[in-house]
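Read from first to last, the chains carry the letters A, B, C and D; within each, the first residue is number 1.
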Amino acid sequence: MPKINRYEDISQIDREAKKDFIDRHSPFVHCETEAKAGETFTVKVKVGNEYTHPDDMDHHISGIALYNKDTKLAEATMLAGALGGQGKKGNATVTFEVVLEKNAEIVAQSYCTKHGVWESDPVSVSVA
Amino acid sequence: MPKINRYEDISQIDREAKKDFIDRHSPFVHCETEAKAGETFTVKVKVGNEYTHPDDMDHHISGIALYNKDTKLAEATMLAGALGGQGKKGNATVTFEVVLEKNAEIVAQSYCTKHGVWESDPVSVSVA
Amino acid sequence: MPKINRYEDISQIDREAKKDFIDRHSPFVHCETEAKAGETFTVKVKVGNEYTHPDDMDHHISGIALYNKDTKLAEATMLAGALGGQGKKGNATVTFEVVLEKNAEIVAQSYCTKHGVWESDPVSVSVA
Amino acid sequence: MPKINRYEDISQIDREAKKDFIDRHSPFVHCETEAKAGETFTVKVKVGNEYTHPDDMDHHISGIALYNKDTKLAEATMLAGALGGQGKKGNATVTFEVVLEKNAEIVAQSYCTKHGVWESDPVSVSVA
């Protein structure tokens, strides 16, 4: 408490509304799975993959945090309206550049002002 | 992942180092358990109860978030040095004023730059 | 750009609407003017003194930052709804505890989602 | 107060140390100058252009905020160590995706834990 909602594979879910609900709230980590130690490594976090989320004043994605295992690397706060505002939908997206020194496990969390905290599947990055 | 560490009753723990570790990282919610609907309600969050935490540049409490169940109410970010800096110790503390409209369950999370996310015991507030 | 709006003494302003506009957006720093070096020092920042500000979804006070001269000590983010929500008004308020080691000049900034950045008068704190 | 440092054209500055100081602290906005209304528009903010900034625990770039005129669109917080940590240098960089509906004036601010707030030159974006 607060509940950490976790992504479920929506291809295993029948009900369209539930697929949409899970997908549009889940942060997806987009990055390579190999990195060079000490070099800039780009990680894009996009909330929603196949579906979009409202950018309404009272219902929007207001934050994205990026972790390497238990260590927070960075986070972003998005104000309502940044994706078009009332009546519009979109995918909150932020791209961070970080430097990894050893094998990493990248995970993102996002926060919806109506539906709380959501966590991505982790992505293992081997660093050499 | 990231792990959410939760407070454990340190009176049940024998090892002094472990008592200290758990206590100094845990956020404690200090507030009344009854509130009047629509009126200002004060919630103090103090990290650590009997023990203090370093305020070193590479090891400090950098954030406190306040939730009512799954809904984030507010959060605070503290820069290293705000509690005296290198070699000093203290209790990161922030007091929020919020307005509750119905029964609430207040919980806080804090973030240590070395030891990750910690969550308080929840406090039930009956609102009339 | 962005413009930093600064508090003006509203007793010198005739027009009621302008008094209200300036007062309800301005952060006010409430603290002692003397502190003991190395001890906890409490600073309360309250946005608005004689007037209150809406807590509407599209119009609320979303942030308060605390500086000692050019150095950021801490900041707080408040979600819309924390002060009662749509149709309600209040004074966004947060209390920080910091430790000062030498004479300080405390200043706060707040952010309104419709009317931008506002800055308090600074408060000089002599530290011994 | 706090001082807002603004980028100066370093080609007009002789002293190498001053060129480096100004450049490595200044956020640079990288985006197109034309956008389509209602479509995703990518804005990259990179702190430093020709020079890099330390990522030391007590001296790093800890925040980047993105504004359209007086309206905050988003902001990012970077923890010390995200760019390699003690003894390493880099360019704090974050890429936001926003939606613009009419002509915009994009400006970024960054915060260095030792040298305060820095503001980019604004970029005018014509939106059709």
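Note that a residue touches a chain if its C-beta (ideal position, glycine included) is under 8 Å from a C-beta of that chain, and two chains touch if they have at least 3 such contacts.
Computed from a prediction, not measured in an experiment: that's the story for all the values here.
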Between C-D and A-C, the pair with more C-beta contacts: C-D
Centre-of-Cα separation between chain C and chain A, whole angstrom: 32
For chain C paired with chain D, centre-to-centre distance based on mean C-alpha positions, whole Å: 25
Per-residue multi-chain contacts in chain D, two or more chains: 62, 71-72, 77, 79, 81, 113
Contact graph of the chains (line, ring, star, complete, other): complete
In the complex, chain A residues that touch chain B: 1-4, 62, 67, 69-72, 105, 107, 111, 113, 115-117, 119, 122
Footprint of chain C on chain A - complex, ascending: 56-58, 62, 77, 79-81, 86, 113
Interfacial residue positions of chain D with respect to chain A in the complex: 38, 40, 44, 55, 71-79, 81-85, 88, 90-99, 101
